[in-house]
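Each chain gets a letter, A, B, C and D, in the order it is written, and its residues are counted from 1.
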Amino acid sequence: MSNQLINLMAALLLLIAFAMLSQRRILRLIYLFAAQGFVLSMNTVIVALATKQPHLYASALITFGLKVIALPWLLHRLIDRLNVRWDVETLINIPTTMLVGILLVILSFNLALPISQLAGTITRGTLGIAMASVLLSLLMMITRRKAVPQVIGFLSLENGLFFAATSATYGMPMVVELGIALDVLVGTFIFGIFFFQIRETFDSLDIHHLEKLKDRG
Amino acid sequence: MSLGFVASQLFQTLLSVFLAPLMLGWVNQCRAWLQNRSGPGLLQPYSVLRKLFLKDAVLAHNASWLFRLTPYVVFGCMVLAVSIVPVLATDLPFSPAADVIALVGLFALARVFMALAAMDVGTAFGSLGARREMLVASLAEPALLMVFFTPALISQSTALTTIVETLAHKQLTLYPSLAFAAAAFVMLLLAENARVPVDNPATHLELTMIHEAMILEYSARHLALMEWAQALKLMTYTAIGIALFVPWGIAEAGYWAGLPLAIVALLAKLLAAGAALAVLEMVSAKMRIFRVPEFLGMAFLFAVLGMLTRILLGSAG
Amino acid sequence: MLAVAAYPALLGEPQTLVLPLGLPDLPFHLRLDPLSAFFLLLLGGASAGVSLYSTGYFATAGVADLRLICLQYHAFLASMAVVLLADDAYLFMVAWETMALASYFLVTTDHGVAEIRRAGFLYLVVAHVGAIAILLTFGTLQLGQWNYTFDAMRGNTLSPLWASVAFLLALFGFGCKAGFLPLHVWLPEAHPAAPSPVSGLMSGVMLKTAVYGLLRVTFDLLHQQVWWWGVAALALGLMTALFGVMFAAVQTDMKRLLAYSSIENLGIILAGAGLAILFHAYGMNVLSALALAATLYHCLNHALFKSLLFLATGSVMHATRHRSLGKLGGLIRHMPWVAALALVGTLAIAGLPPLNGFASEWMLFQAFLLTPGLPNSYLNMLVPVAAAALALAVALAGYVMVKFYGVVFLGLPREELSEAHDAGGWQRIGLLWLALWCVALGLLPVFVVDAMDPITRGLVSGSLTESMQESSWLFLTAIAPARASYAPMLFLLGILLTVLVTFLLVRRFYHGRVRRSAPWDCGFPGLNARMQDSAEGFGQPIKQIFEPFFKIERQQPSPFDARPVYSSSIEDRVWYWLYLPIVKAVERLSSLAGVLQQGRIHLYLIYSFATLLVLLLLIQ
Amino acid sequence: MIEILLVLGLPLAGSVLLAAWGSRAWAAEANSSISFLTLLAALALTARVISLGPLLALHDLFFVDPFNVFLVALTAFVGFTTSVFSRVYMRVEQDRGRLSAARLRLYHSMYQMFMFTMLLALLTNNVGILWVAMEAATLATVLLVSLYRSAASIEAAWKYFILCGVGIAQALFGTILLYLAAEKVLGAGGTALLWTHLQAVRDQLEPTVLSIAFVFLLVGYGTKVGLVPLHNWLPDAHAEGPTPISAVLSGLLLNVALYAVVRNKMLVDGALGTHLAGNLMMGFGLLSVTVAALFLSRQQDVKRLFAYSSIEHMGIITFAFGMGGAVASFAGLLHMTAHSLTKSAIFFAVGHAAQKTGTQVIDRIRGLIHTSPAVGWGLMIGGIAILGVPPFGVFASEFLILTTAMRSQPWATPILLAGLGVAFAAIFGKLQAMVLGETTAQRLPHPPALFPVFVHLGLVLLLGLYIPPYLAQWYKAAARMIG
């Protein structure tokens, strides 16, 4: 039962990852990110229920607080204050991106196949999906031209990792999880600081301006 | 080392030193005959030397000690050379002092001194002569070495004494390889002694002279020594050629009875060589300086062929 | 400065001794065996003269920071000594590079000049690349973990393939320092750039450390040779020698001329070493000993006369402030001491008897004459012909040295040089010391060969003394006295005697009246110093005959030019064939690499992504 | 135990303290003093480990063995000397109006925070915490890179942040996979990420999982090491940040990242029983050496130049560890030490040189030796040392690496030869032009802090000529562990 639920969550996660990849609107991207966080925390709760590991509840709580409430709120505020509600511009057009994405999914499933067979956990099929969503987030970072979507891509990458941690291994030790959470939080703050710095300096959040430092030989 | 050896050494040296101008006179005489002239006579070189010794020396203002020292050094080198070469007899006290390679070195020493002296005064001719002489010599030396290779291969030695003993005092064998080497040697002799076709000893035309350009600043006794040394050089080269290729008649060490025969043989060979030289000079024309490398290259080729023949044919070569 | 003078005395006696300094893991091994003792002697002998000279030179040359120079100078000397003494790879490399570094700083003493900086740069780069190659040689030779001592390497038997790799690496590595053919480019730049005593040391001694290294690796550490190594070394050596001497003939800067002449001499030395390898590979040990002795002898000789000549140029430059041959001339009248001593060096380097240069070349020729005995039909026909190349090189060296001495010291000054003065006392002593050794080594070759006996016994297990003992100490012989002999002492005596006799006779019988007048002008009055041969003019025949070897840039005016300017410059083709293509290739590669760094973060992410994917696919 | 707490507590406390008062006049001295105390604590820890052997503390949370204790000592030492250097350097920057008081506070606080994360990464026994500390180190330095708030520095910091963030995320994935494998053997919970436990059971770990994990870890931590082609953040960050930060980035952060890679390699080697990890590392090492060498000749900015040189050296070290074996690992460790000391010394000298000439452009820095011989010689000697010329320590390790490579990986030596040759020509040509010749430099208002430069170079010289026995033992023990 829980097994199927987890697989369902995994499928959802992958779906959201693709949705993010195809999304053009920045606000929707934030919502999707929040939804991803929500799926993630639900997944953690399910795993916790299934395996009766108490620290996973705490982990789910942290996830929920951080990734469904705190970060989307922060991002929302940021784009409000920076007044950047424009459409997301991509470097490669979206159909191509999707195509590459599908290839990545195939690759990661194949890579995960031997591992999944070995994994002793009930959730072994999910590792491939986790890896796929990590790679998809990376792809998103590569294809986005503006700073904010890139950061969202980065954060969703972390989500993928977190999913891998919970579903494939029942969560990392608590100390580590706390540390990771702290890092993500601080990281987001620093991203925020950067947005202001970049805007202050370049009057725009287009990463296009950040291509001056190159080889000048 | 007995007194006899020293005496024979002294005898050979003195004989060669005093015979050298005669040889030059003979060559000039032959040339004159070949040109249908009557010629100045055999003893002309002696009277030239005498005349020069009697004159006042004229030196350029800026001539240094090197300039004045050079004639003596050059003359000394030639005398030493002629003492080492077995002109009359092998195994003289001086003969182990140098093999053919060291002899080449000795000639080089004289030449370098001459070239330096030529540059000392600082005229255009001096340096012109010096550089041409050095050029010709540099190109001749590799070929000369190749020439020496062949007899050295035959006799397993570069010492002239040993070569002569091997070739002359053992059973008579004809070596085809030596023919090549001899041809090459003659060409080199012409080049090294400033003869036609490489140089013309009789000319003082600015653009063609080599040797004469070098000694242009010399006069009186210095010039005399230079001229004498030049005659000695020709003599020594001829003697080397004789020792390498036609050594029959040279006396063995300490064999006094052979000496008169050796003198006769030497005179005959020198006469023949001088006449041949004159003929050679008559039939060839002086060549441009930049043709000289080709000429010497040809000599080199002959010498290498000689050596290869020797290696190919083994003991029969 | 004076401390260095005591140097040779300290290191004089050849003895064998092992000094493991107690360091853990990488202890420094020092060992003094005959080979290193010989080279130490060479170092001591040459550096004593140079040091004496520099005592005077640096004091008057107006060098900015004397302390610094002294430090570098002594570091240079000490590191050369350690190179010779080192008995493990690490210490050897440390000393080797310290030597390069110290000499680099000495070369760039006058670093305000851009050309000197460029020369120093080129020098150090080549030296470093060479050092890495040497290091790899030792890497090939080492036995295994932590065992970098030469002792261990001696005991190590390599397969012929690996041994050849080691030899080729060593040839390349040491060739960088010694200036063998395509690696010589730094030499004519660095030597003129350095202060003269340093040029003398570099040319005279430092280049020999490369020879030492090559001999050490080839004969001592690799103890078994393959015949084609010898052929390779011989061919390379002869090409280097010819190349060096041809370029020396067309130089117009006296120190560059000497630098190219060093290339030539190192080529001769390499050819000798090649011959020794060849003989030894075929088990002809005595002949190998002859070639090796000739090689070592020539090393010693070159150290002496080349330092002597560099020091002489130092005095000339100091006195006239010129180094271009086109501006000098007639210095024999202003600087009699330097001129006389330089004459000794000139005659010695030109390979003239009875001085030392001839003795070693004579031995080498003898060794060549024995090559028809090689048991390989191609070799016994080709190698003797190669001797002709050596003869050509030696003969052209005479040409070059006549040019050098004639243009600098003889003739008329080409510029106003009246303020030129002779060298000071210390400088004279330094020059004299070197000149005396040139003469002594030339006159007493048998003692030198005797002294080298332990080396040849040790390295090629052949000995020359047996044949020497048959004849007296006067006669240098090759293998057997009947074969060939050479007695420089008799030479000198003979020449002196006849000169003396002639002189006395001339004096006795003829008057000594001498009249001074202007030189004969062929009826064309107004001879002046500009009509003498210039350095270019003197080299012109060589330029013409060997034109294909040079890259000549000529500038000729049009016939209507009112102020015609002629110029021609000679460049090294190797630059255009080897170095510039390498530089271009590196530039092209680096601009290709530059594409990696576009400044676009997306691209960087793609790299990371692609790397990840490739690796993931790779491990599957 | 107490030493570990001190080593970690001091910089953490210092960070908090300086966050509050970091703009005061005495802040720089306080920064140095804290670093000095940290150094003392680290030395005490070292002494203890030397005398008592490896140490586990706080429920196995911290672990000190020969491998990391030497890096701890090195980190604390370079941290201290850099703080000494930065005292003068930052004062000059402040005088010139490039920094406000608030930024200075940030600088001092983050400096200590950075030290804390570095030491934590080294001392922790938990592979997860190691990851956390590495991430925290990125976070601490990213704001320092953009300290000047110039367009270029913000750009550099942004790239640094994104690239290292992504990299470190990949490393996290690798760590998760490692945990996945470990959990099967060690059971779920905290112990499964403890390195000591993992090491004990490393041959029972699942090879397939570990090989994939290693790829992620290598690419992840490799980004921070600066391996080509993951290196692109490195030159930007080094060039645009303040020089003391360039010094610690090059001298410490890269080392610690490599430390992480090597720790994981030890596990992977044990599990796989093949040379896969080593081969990958050798490949990256060679690629880094070659590409960095090619880049070197194109650089016009002095700090970028030495940043690429760091990439090159990291390539060499990675290659050495990849080769494996007692000698190569020994050499890798030695090279790490020598490179840290030398490179930070160079950055100190470069910092002063740039301040004196008012530019980082190589073509405009000329003749340093005239205006200030000490800076000029410092830079010259440092440059020579980093180029692997004896008798400096960098040479000692390159000697061992190359000779070993000639034996075990002969195919790699031509690449190394070419790479080192090109690098030498490129760096030395520029170095010579900067140090020698006519000058463009001016006097500084404060006397330059050259004491650290020469202390570092002195130590590197010592390493080249004489490795003290206990240090050698220590390296050897570590090399044996690494295998």
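Definition applied: contacts are C-beta pairs under 8 Å (C-beta built on N, C-alpha and C of every residue); 3 or more make two chains touch, one makes a residue touch a chain.
Predicted model only: the values in this text are computed from it and were never measured.
Ranking every chain by how far its Cα centroid lies from the centroid of subunit A, the top place goes to B. Distances from each chain's CA mean to the overall CA mean are smallest for chain C.
If you average the CA atoms of subunit A and of subunit B, the two centres end up 99 Å from each other.
The distance from the centre of subunit A to the centre of subunit D, each centre being the mean of the chain's C-alpha atoms, comes to 30 Å. Work out the mean CA point of subunit C and of subunit D, and you get 44 Å between them. Averaged C-alpha coordinates give centres for subunit A and subunit C that are 69 Å from one another. Shared contact sites, meaning residues of subunit C that touch two or more other chains, fall at 590-591, 594, 596-597, 601, 605, 608, 616.
Within subunit A, residues 111, 138, 141, 150, 207, 210-213, 215, 217 each touch two or more of the remaining chains. Within subunit B, no positions touching two or more other chains are listed. Chain contacts in this assembly follow no simple pattern; the graph is neither a line, a ring, a star nor complete. Pairwise, the chains that make contact are A-C, A-D, B-C, C-D.
Looking at the complex, you find that subunit C touches subunit B at residues 329-330, 332-333, 343, 347, 350-353, 358, 362, 365-366, 369, 372, 380-381, 384-385, 387-389, 391-392, 394-396, 398-399, 401-403, 405-407, 410-412, 471, 475, 481-487, 490-491, 494-499, 502-503, 506, 509-511, 513-522, 527, 529, 531-533, 537-538, 540-542, 544-545.
By the touch criterion stated above, subunit D contacts subunit C in their complex at residues 158-159, 162-163, 166-167, 170, 211-212, 215-216, 218-219, 223, 228-230, 232-233, 235, 276, 280, 291, 294-295, 297-298, 325-327, 369, 384, 387, 389-391, 395-396, 398-399, 402-407, 413, 417, 420-422, 424-425, 428-429, 432-433, 436-438, 464-467, 469, 472, 476. Residues of subunit D touching subunit A in their complex: 126, 128-129, 131-132, 135-136, 139, 142-143, 146, 149-152, 154-159, 161-162, 165-166, 169-170, 172-173, 176-177, 179-180, 183-184, 188-190, 192-193, 206, 208-209, 212, 236, 239-240, 295, 297-300.
Interface residues of subunit C, counted against subunit D in their complex, comprise 23-26, 89-90, 93-98, 100-101, 108, 111-112, 114, 117, 120-121, 124-125, 128-129, 132-133, 135-136, 138-140, 142, 144-146, 148, 586-587, 589-594, 596-597, 601, 604-605, 607-608, 611-612, 615-616, 619. Contacts from subunit B toward subunit C in the complex involve residues 53-54, 56-62, 64-66, 72-73, 75-77, 79-80, 83, 94, 96-99, 101-102, 105-106, 108-109, 111-112, 115-116, 119-128, 130-132, 134-135, 137-146, 149, 152-153, 156-159, 162, 206, 216-217, 221, 225, 289-290, 293, 300, 304, 307-308, 311.
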